[in-house]
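There's a structure below that I have some questions on.
Letters A, B, C, D and E mark the chains as written, and numbering starts fresh at 1 in each.
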């Protein structure tokens, strides 16, 4: 509750900057149009027109808000023209990919921490894998998966997974190695098995790292889902909206899809934050 | 004088079977600015049921020696045998209960949870776990604090919780690194008595690091005096005190004599005075 | 008997200006399973140049009291004044040197770097820093360990480094929470002497938590005995010992009498025996 | 068939060699293990492509890629300069710098923490795919817009980690600073930043790979007719998959070197952290 | 019914109306075919999908198909519903460009992905350098929209007669503000939307039989669409999953598309093929096709059968 005023202040500041930028960026077009039609614009007219363009360089906030209202609230959630429908499509791939990615990242991290061969050989290649531009190979992945009969949600989720497992690996390797020497020594004196050491010491000690990583992984996963939507023929989902918007120069549509995606990400990341708070509280660490 | 005595006591063959034997032990820590010799030519035999105190100036290698026994550190040279097998085997057979110098409780577990931890690991049943936790909590006078988290406890209470944790399961060999350092005299006396009673009851072998000369003398059957840089054993004193030890024994002449010998040994290890 | 004495000593007005005064102090920790009263109705006056020892069973609130003085904890009720101002003001004026119960060295700094830390913060010049670091390292016998990292030191050595850190700068008030707990008797005696010398030389006011009755009596001009749950002051003993204190004073009858009184006070705070 | 069998054999051999090697603790072994792993991977790839006769427009064999690498090294170098040196590095430095400053500002002023952090998270969660075209529209086709995309991409991971790290000091460490009456900046500089370093490097490492991807992907949305992303996106259309993969190899090498560099600095800066002190 | 998958080169729009109409009107059913139409997009190389087994037949442009062929993809043109090229270069009049002689010193935006080749060969025909040097032009890659033109990042941009041109108009410019150069008129026209399949498929009699029926039904769809443009546009809209297309735009597009398909019965005209190859081979310094692929790249086998 006490966050409301600060958040509103910041949002207000952003809106002011946004309206200002809209004037600056869209001015050129309005002036050009006026020149073509031999009109002379007063300053208020100029400003008003920069905020009411059809295909502005930067749409004004209220234009985006109107579009959002139109596509979120005024359409049936199941309709193809509803942003809710597209957000839902993207979210399913995001969440599935995030789940898979977190599992994979987790498994790799455990392997790296516990297995010398993996520690030495896998990590450099995990890193290399992340330097491959996903947008370049996403189409190939989709094609290959399609060829072997996998289509629909899973190919997109695979790309999400590809992007989201990495932060989890990096964070978890660090986290699983964060217990100090004495705590590990204790486990040794009790002759704890590796599994016991893992569940009772390394895992709890890695929790702060895990959550920080999962937040990043979730954001990455959403990017992956959107990237994955492009080469699937961009039939549905926020990625498809972005793409379609860009082919037809519909900046307002792009921005509303963008804000929807950000809202989705914020909600998902916020959810992880909530789980984090609950977990750490229950662990007595908050 | 000291060395003669040391030689004499080393020569006297212990009557009981040997539990821990160290021979020609050396340990060198490699640090970025040169090696640190923490243990040098250490020889020691500890019999079954012995209560051995280690005393010596800070930094002389007491902790290091305990760590070697518990297979937490690998000696640079020399051999250690525990129950006739290398420490690693003994460790895997769960021969040790170790109380570390710092409490080292896990911050995400309550006091009860911390004490329960080794029991879970060793596979005790749930009711048995609960019963043992209760028993040791009472032993160290922390009953009622089971549900608190470590940071909600005072320093001494944390230390007691860590002692409780090591006592909760039945290790043959107890390695205790200054367990009573942060406790007041009264609790300390109380726990000394409790520890002696436990020891008498169970025939455990106990290695005990302390800085208190009276405590060392009161508790031990054998007192090992060490000197620093490099860490060596300068004296091993077999205590003539009987197994039954009321607190009053601390005023007896034998007691004071041993205490005196320990103090002299300690002083010799210090550069000043 | 105890309470009469306490009343008597509380009534005797200190001759020196008051440095720390606590009145009607209460502190309750709110925990998830109910409140814990750590301090109850604590009244105390400490004069300039006093050496005050706090002694009491573990968990009685000694650390808490020190933390309140240092403005690390806000009392639930009651007032504390330090040099006539609230602790916060005194803290901002850098009146305190605090030795914590655990060493708490920063792992990314060497021993030298850790000791230098407060000096850097307080803006001492580079040469002055170097000189002071050297001086206190020698004081606690850690010369030569300046470049080591905390995890390369034994427990006692870490503790000494943390003492050195608090002594390196000129705080008027030294708050020391069991500083010598992890040290052997010889070093401890040595540091006791050093501390007394420092105190005599500088007129610092020292609040000192210890579990050793002889240590408390040897060092202090005033001994505060506390009892637990809830933490109260049960006795305040003004020491009649002279300011000049050779180690031998510990065998004098006055010394033993005070020690006896402290021990009785302590015992009363414990439930058993 | 021969190729498939050969692939299997090399696979087994590599695994065996690595298991043996990783037991040794020399630095040569530490280097050899990933290299062997990689060589095996490459060989198996070659074997699979040849063995199953996979079309070169789907997946070219490593040998073909290597040949192309030699042929087009001039183009590859030119693209590398455009994308990595101009776009990615500039953006990385600016983005990480901005994130660290923001973390500190956010940490300093509670009002901003409450206000900026939720909004910041929201803004940072805007997917690059959507942002890239807009930033290209604003900053033009050249590397400036790539740097801007990288800034946006690396900002969030570094910020999240830095904020978490700045909060990761123990109570006693903070109390010590209080008793010194250390001001905000002193305690930030002497305590909180060092303590936050392990977290910050976590973010910096993740950001190093993101920076590269960001710069490349951004070029998909507009670039001069040079750059790795440009080459990849346009060569796919011409089915020059060998050139595409050669660019990917450059990206992987550059990215790994970048990450490795950051990891080395991390080692030097956080040698004291348990995760760096060996295990 | 026999299953067949068609991979489009671009997103669902009236450009592909013939196929959607054939599906919607049951022309495929009549041929006992069950056709799946997969939309494309900027990141989809239909050739990859085809060779990867994700589709049996695809819509592609001849330049990129030939480039693919030269890079080892055995694909063959089996039908050519589009007769004319819809590509053109659209310039803003205000930049002072009225004829190709005015190009030097200006920035021309083009799509890449193979679409740049005709432009390069045009420039080399005109004798202009393309590296931005004095007396030459600057070639700028642009994405598949007209924003760079509107925002003056380029002075001329590639557009399609049926799509991007109208987006410029929709943005508020009038035809008087613009100058257009149709590739068709400049002698650099290359063949656009044709149907392609792999050599492997062509060797399979069962598949060729399916392809024959498919081409026959598709051409029927195209002719229906030409005659009923509004209905065709509606059918396309119904099939648009993104929900981003508008009726007005699709109807207009259908009208323009009809002009391009007019004059084709589906069979490839070898002369058009040769012309396209010539244009591609003269594409400046770094041509993607270096040799004439010859007749192996197309076949009349399917259309001969289908159009009987």
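One rule holds for everything that comes next: contacts are C-beta pairs under 8 Å (C-beta built on N, C-alpha and C of every residue); 3 or more make two chains touch, one makes a residue touch a chain.
Just so we're on the same page, UniProt names per chain: A, D = NitT/TauT family transport system permease protein; B, C = NitT/TauT family transport system ATP-binding protein.
Just so you know, these numbers come straight off a predicted model, no measurement behind them.
Listed by label, the chains touching subunit A and subunit E alike are D. Any chain touching subunit D that also touches subunit E appears here: A. The chain pair sharing the most C-beta contacts is A-D. Farthest from subunit C in terms of Cα centroid separation is E. Centroid distances built from C-alpha atoms place E farthest away from subunit B. Taking each chain's centre as the mean of its C-alpha atoms, subunit C lies 86 Å from subunit E. Subunit B and subunit E have centres, each the mean of its CA atoms, that are 85 Å apart. If each chain is reduced to the centroid of its CA atoms, subunit C and subunit D end up 51 Å from each other.
Here the CA centre of subunit A is 54 Å from the CA centre of subunit B. Within subunit E, the positions touching two or more other chains are listed as 43, 45, 48, 52, 143, 147, 151. Counting partner chains per residue, subunit C shows two or more touched chains at residues 102, 151.
In subunit A, 57, 135, 139-140, 143-144, 181, 230, 246 are the positions where the chain touches two or more neighbouring chains simultaneously.
According to the touch criterion at the top of this document, the contacting chain pairs are A-B, A-D, A-E, B-C, C-D, D-E. Here subunit B touches subunit A in the complex through residues 67, 70-72, 91-94, 96-98, 100, 102, 104, 106-110, 117-118, 120-122, 149, 175, going by the rule given at the top.
Taken together, the subunit E residues at the contact with subunit D in this complex read 43, 45, 47-48, 51-52, 64, 67-68, 71-73, 112-116, 139-143, 147-148, 151, 153, 288. Residues of subunit A that touch subunit D in their complex: 2-3, 5-11, 14, 25, 57-58, 113, 116-117, 119-125, 127-137, 139-140, 143-144, 166-167, 170-171, 173-174, 177-181, 184, 208-209, 212-213, 215-216, 219, 222-223, 226-227, 230, 238-239, 242, 246, 251, 254, 257-259, 261-266, 269-270.
Within the complex formed with subunit A, the subunit E residues making contact are 11, 38-45, 48-49, 52-54, 143-147, 150-152, 167, 170-174, 177, 240-245, 249. Contacts from subunit B toward subunit C in the complex involve residues 29, 31, 33, 36, 55-59, 62-63, 101-102, 147-148, 152-157, 159-160, 177-178, 181-188, 190, 211-213, 263, 266-267, 269-270, 272-273.
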